[in-house]
Amino acid sequence: MNSFGQIFRLTTFGESHGEAVGGILDGCPPRLKLDLDEIQREMDRRRPGQGALTTARSEADRLQILSGLLDGVTTGAPIAFMVRNENQRSKDYSNVADTFRPSHADYTWQTKYGIRDYRGGGRTSARETLARVAAGAIAKQVLRGAGISIHAYTSQVADITLDKDYKRYDLSVTETNEVRCPDADMAEKMAERIRQARTKGDTLGGVITCVVKGVPVGWGEPLYDRLSARLAYAMLSINACKGFEYGSGFDVNHTGSEMNDPFVSQDGKIRTATNNSGGIQGGLSNGEDIYFRVAFKPVASVLKPQMTVNKHGEPVTLTIEGRHDPCVLPRAVPVVEAMAALTLVDAMLLNKTIKT
Amino acid sequence: MNSFGQIFRLTTFGESHGEAVGGILDGCPPRLKLDLDEIQREMDRRRPGQGALTTARSEADRLQILSGLLDGVTTGAPIAFMVRNENQRSKDYSNVADTFRPSHADYTWQTKYGIRDYRGGGRTSARETLARVAAGAIAKQVLRGAGISIHAYTSQVADITLDKDYKRYDLSVTETNEVRCPDADMAEKMAERIRQARTKGDTLGGVITCVVKGVPVGWGEPLYDRLSARLAYAMLSINACKGFEYGSGFDVNHTGSEMNDPFVSQDGKIRTATNNSGGIQGGLSNGEDIYFRVAFKPVASVLKPQMTVNKHGEPVTLTIEGRHDPCVLPRAVPVVEAMAALTLVDAMLLNKTIKT
Amino acid sequence: MNSFGQIFRLTTFGESHGEAVGGILDGCPPRLKLDLDEIQREMDRRRPGQGALTTARSEADRLQILSGLLDGVTTGAPIAFMVRNENQRSKDYSNVADTFRPSHADYTWQTKYGIRDYRGGGRTSARETLARVAAGAIAKQVLRGAGISIHAYTSQVADITLDKDYKRYDLSVTETNEVRCPDADMAEKMAERIRQARTKGDTLGGVITCVVKGVPVGWGEPLYDRLSARLAYAMLSINACKGFEYGSGFDVNHTGSEMNDPFVSQDGKIRTATNNSGGIQGGLSNGEDIYFRVAFKPVASVLKPQMTVNKHGEPVTLTIEGRHDPCVLPRAVPVVEAMAALTLVDAMLLNKTIKT
Amino acid sequence: MNSFGQIFRLTTFGESHGEAVGGILDGCPPRLKLDLDEIQREMDRRRPGQGALTTARSEADRLQILSGLLDGVTTGAPIAFMVRNENQRSKDYSNVADTFRPSHADYTWQTKYGIRDYRGGGRTSARETLARVAAGAIAKQVLRGAGISIHAYTSQVADITLDKDYKRYDLSVTETNEVRCPDADMAEKMAERIRQARTKGDTLGGVITCVVKGVPVGWGEPLYDRLSARLAYAMLSINACKGFEYGSGFDVNHTGSEMNDPFVSQDGKIRTATNNSGGIQGGLSNGEDIYFRVAFKPVASVLKPQMTVNKHGEPVTLTIEGRHDPCVLPRAVPVVEAMAALTLVDAMLLNKTIKT
């Protein structure tokens, strides 16, 4: 359904070319002074039209908060928010009303519901992620109060791959380039690759790495709501996401002796000497950095002509025009962070229920 | 929590060395004649002591069904089932009561709850997965009635990797070898690698591939309960699972033009010419085979001495004895299938709610 | 939390004097052409300022629908809607910021959250029920397609009580008087009693009876989501509601022989000769009319001076000014219907999940 | 479904004449030493065969706990428990396999599911409530640690009604008579009325009053999970329950001035001078006693011949034999307490999630 989370629960609404996109964030702890400018800055990180690498659709995406605050302070009541759609240009999409765009949601949604809002992808548009980013920005502020920070970055675009561990990068550099990559040289290579693809009317995929620092021991709920399972669920709910791994992940060619993380005592705390566990053991956070990687396929909206069928099953050649990102990674970085933040606040609140 | 699924919902209980392990499966459609022998056969696929590659703990693991059936037919009432623990040998584990085994759940659970059942891993033991397999066996029978089959197999153990697409293997061969690999030669290489590891008191990880055939178009629930997200959530809830990818997954070094799956008309049906989407588009099944890969870390219970700390944070050398699998993959194959089956039946039932 | 329903799920937001009040209705079946005028008419039934018996706060309460429709037809996507607050007059309420109004939510909410939106009752204002009525109006249209209608009416105000069975009244008359009572003479007596109370600055309570016709056999989910339990839950979630009974309810001074409803065959259908069961047996609808009664206490906002304490626990005399209904019953009639409609559509959709 | 509660969640299973009846209680706080004898004593309060007023079916109903405890202490893992069915005498019920007993669940369940376990009422038997009582007994122990106690009693049987406020009775006397009424004289009158009904093969209904002492301010979750709404939902989920009211309830013939509860300062605490609110204001507990009344219809299994139809719709005369309570009230007292306890622990745990 259109809700995410059990206690700290986001419910979203809105189509790409409808009236508005937004959501209701329920379960937010009371008496938290929100920094509204910071929420808008997170929105700006996600919004289109940031530069040469993203879609030209340029909406201000000003967030309106409709409820839940008293003088900017949370009251425990649901926080509703929305962004009005301003720049809809519906004509761009008229040729897709009866045609199924390859590797898009058109065919499956049409078949499931017997109807679909074809205007700009409707509900399946990545524009929906603005609601996640808005709620995630609130979640980040909740987490900051608990000493927790989240840092995502683009670690791969096509064949350009950061080959070092996240600890070898200065993650504060991430926002200084368009690609959101903490290695400036690699960022430029990635950007160049994206520009090449765009020139050809093509698109690229890649990988985002996300690191969460400061999570205390014990978050996550056995057995099915392990923190790892909830994070995977959160990430795979993002448009174009195709995979998730945490810690050693798919790097399975090692023995148990090599991969086990020995416990050590350090400054009076129990820590692990290595972190192949990715900060999660037995489904619960273990106090080390949580890190995971998220795979994104290339954007399906290529501008080259494609073979497909229309709703009658007849073959047609489709040429997508409109405005599209040649690579979703840069704008997906804040979305990954937002979904991680929502997941973690929910885990934080659920963890309180076992206290006596 | 200890429940999985929204309509078709499994709730499990039990510790490795407690009285019993089992569960309640709620929401099972009525008037389904269950093949109880087949359920037991699925249990047998998962149980320990099947051969040289698995733990020597040999329990019959006879499933008792306690409710929900009338003359072997489902009534719509919850189906409760359990397996009594018979072969507990608690002494094997006495040395771990105060010690945190590396890369196990001991430390995180002890910290979260302030108590843990240390006997054989307690609730965190992989023995819990027998309840998943029992419920999954029922789910498979529900799916079979809808023409759906699930086939998982071991596709990688350490560095031994099947390098072909699942379509190139005869999946009916999977069960003919101990490793559950559809390529007999590779299976023997994997088995040999596992035996080597066992000899050294070490353990190995790997990857399981799972293929689901026959799912109709439109299963999955937007936006957060996409079929891909629910499958990821299901898989990451399994012990030792570290990653999930479907379709093209982490293989992101391709352009959109290369990866898009063109729609074609075939025998009056709309199909895709390729299946990089892994059978899921826009979060919903598209009628093609659903396939995904699941990463498992090496078993944490290596038999070599390991450095760790006890609950006071003091360094100790731990030697795990007990009975443990040197590689979890062969016995995880039915668990992956079971979790896939539970996820799919839930998606099937939820999909009914939009019919008018 | 702020969500109601499992599949057909309403999530609401908004404070009496905030920006807006509204909600998101998720799970609405697709391809339903909505009559938007009718939804507004339901809103108008609930809105203040309808006549001498209701509060003078007169807002147009124009509903805006923000998502989920394509050319007025549902798409299966969440339907978001809201009403802007226009007539806020916050000054009326300034004297209650630090004072706990007797039998209001002020004290409990302030204690739970450590903060409360004191402006017009904030989130606890009955103004929130407009979101229920909007969603309920959509639910009614879903039900109408299934041949189901809902009729609530005021059956008691203070000591003025309809003493006959609902079948003895022409329920189509209900809307012809301000009190929403199907007996015109009794309606006038009730209205007179309300006017007397208003003159004295006092308020009255009463009972609403609700009848649902056309529900097929088998709606409701065992064992905890019986239709009766869900209806009770729905009604008790309404502001000022103090009780619920269905069928014979609290009228317990009869024997089983007298109260059992004999089954009979009628026109090829199985029916019951009497309906003391209130249309629900074993928690499921039985095909007969469902009827229940809902008790409402007198409005807590009396205009007479009252003794109370402020947030420091100091005694103060409170005089509530503002605009308040002397009796909530007339405007609660559409709210009762709305909550019944939401409950029934949810039951309808859940009931589909057992079909094979 | 067959689960109750959000965090502290009971899932039950079992049919009257199946293998066993039991449940899984998830979300129980860890490190709680359970008094197992006390749990059994609660089971004994509910079990049949306690005396002349209850059914002669005499099962020991010994509770087995299958998981979740380490040396009698909760670990945070799910607590599974069951009672084996010993005294099944299926023959008693053979005549009802094809016949719909009036005011029972037979017809609605058969129609919904197309099958039903007709043996002793199957899943719809009141025997299911033993699982509620077992879980409720654990909940009571959790509540006791928070200083909370629950006292239910029979306040009406047919026309014999306690006419005083609960404060005027010594509730510790309740268990000293078979009827569970705190007024010994009235208890004897009730018992006599029940014996008369039994002699005639008839049955009686009545009302149970429940009082909860010690709940702190602020439990319950706005807006739909008000404590009052959750209690109503809990009570209406009990077999034969027809109504719920709290505080002033259906006693609506009073003005707001009369019914409002003035706040007063008392021993440094804010209290209310009266308690017409029944301990709940704005949906949240206000620190006063919570009290409510629950209506139960007469038992449907009268022993007199009844007119009904069989599954073909043909008229038949049914004579129920078997063993049945002539009045459910005495044995329902512990069930009401159990459901109240489950509701309150869930509210307690949810309330923790807003703490920062």
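Going in written order, the chains are labelled A, B, C and D, and every chain counts its residues from 1.
In this section, contacts are C-beta pairs under 8 Å (C-beta built on N, C-alpha and C of every residue); 3 or more make two chains touch, one makes a residue touch a chain.
Quick caveat, the model's predicted, so the values are computed rather than measured.
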Those chains which touch chain B and also touch chain A: C, D
Chain pair, B-C or B-D, that carries the greater number of C-beta contacts: B-D
Maximum centroid distance from chain A, chain identifier (CA atoms): D
Distance from chain C to chain B - Cα centre to Cα centre, in angstrom: 46
Chain B-chain D separation of Cα centroids, rounded to whole Å: 39
Residues of chain B engaged with two or more neighbouring chains: 1-3, 7, 12, 27, 30-31, 76-77, 112-113, 123, 222, 354
In the complex with chain B, residue positions of chain D that touch it: 1-3, 7, 9, 11-15, 18-24, 26-27, 30-31, 64-68, 70, 73, 75-80, 82, 112-117, 119, 122-123
Touch list for chain B against partner chain C, complex: 7, 27, 29-32, 76-77, 145, 222, 349-350, 352-356
Interface residues, chain A side, partner chain B - complex: 1-4, 12, 100, 102-109, 111-113, 123-124, 128, 156, 158-159, 197, 200, 202-207, 217-218, 221-226, 228-237, 241-250, 252-265, 268-270, 272, 276-278, 281-286, 293, 295-302, 304, 306-309, 313-315, 351, 354
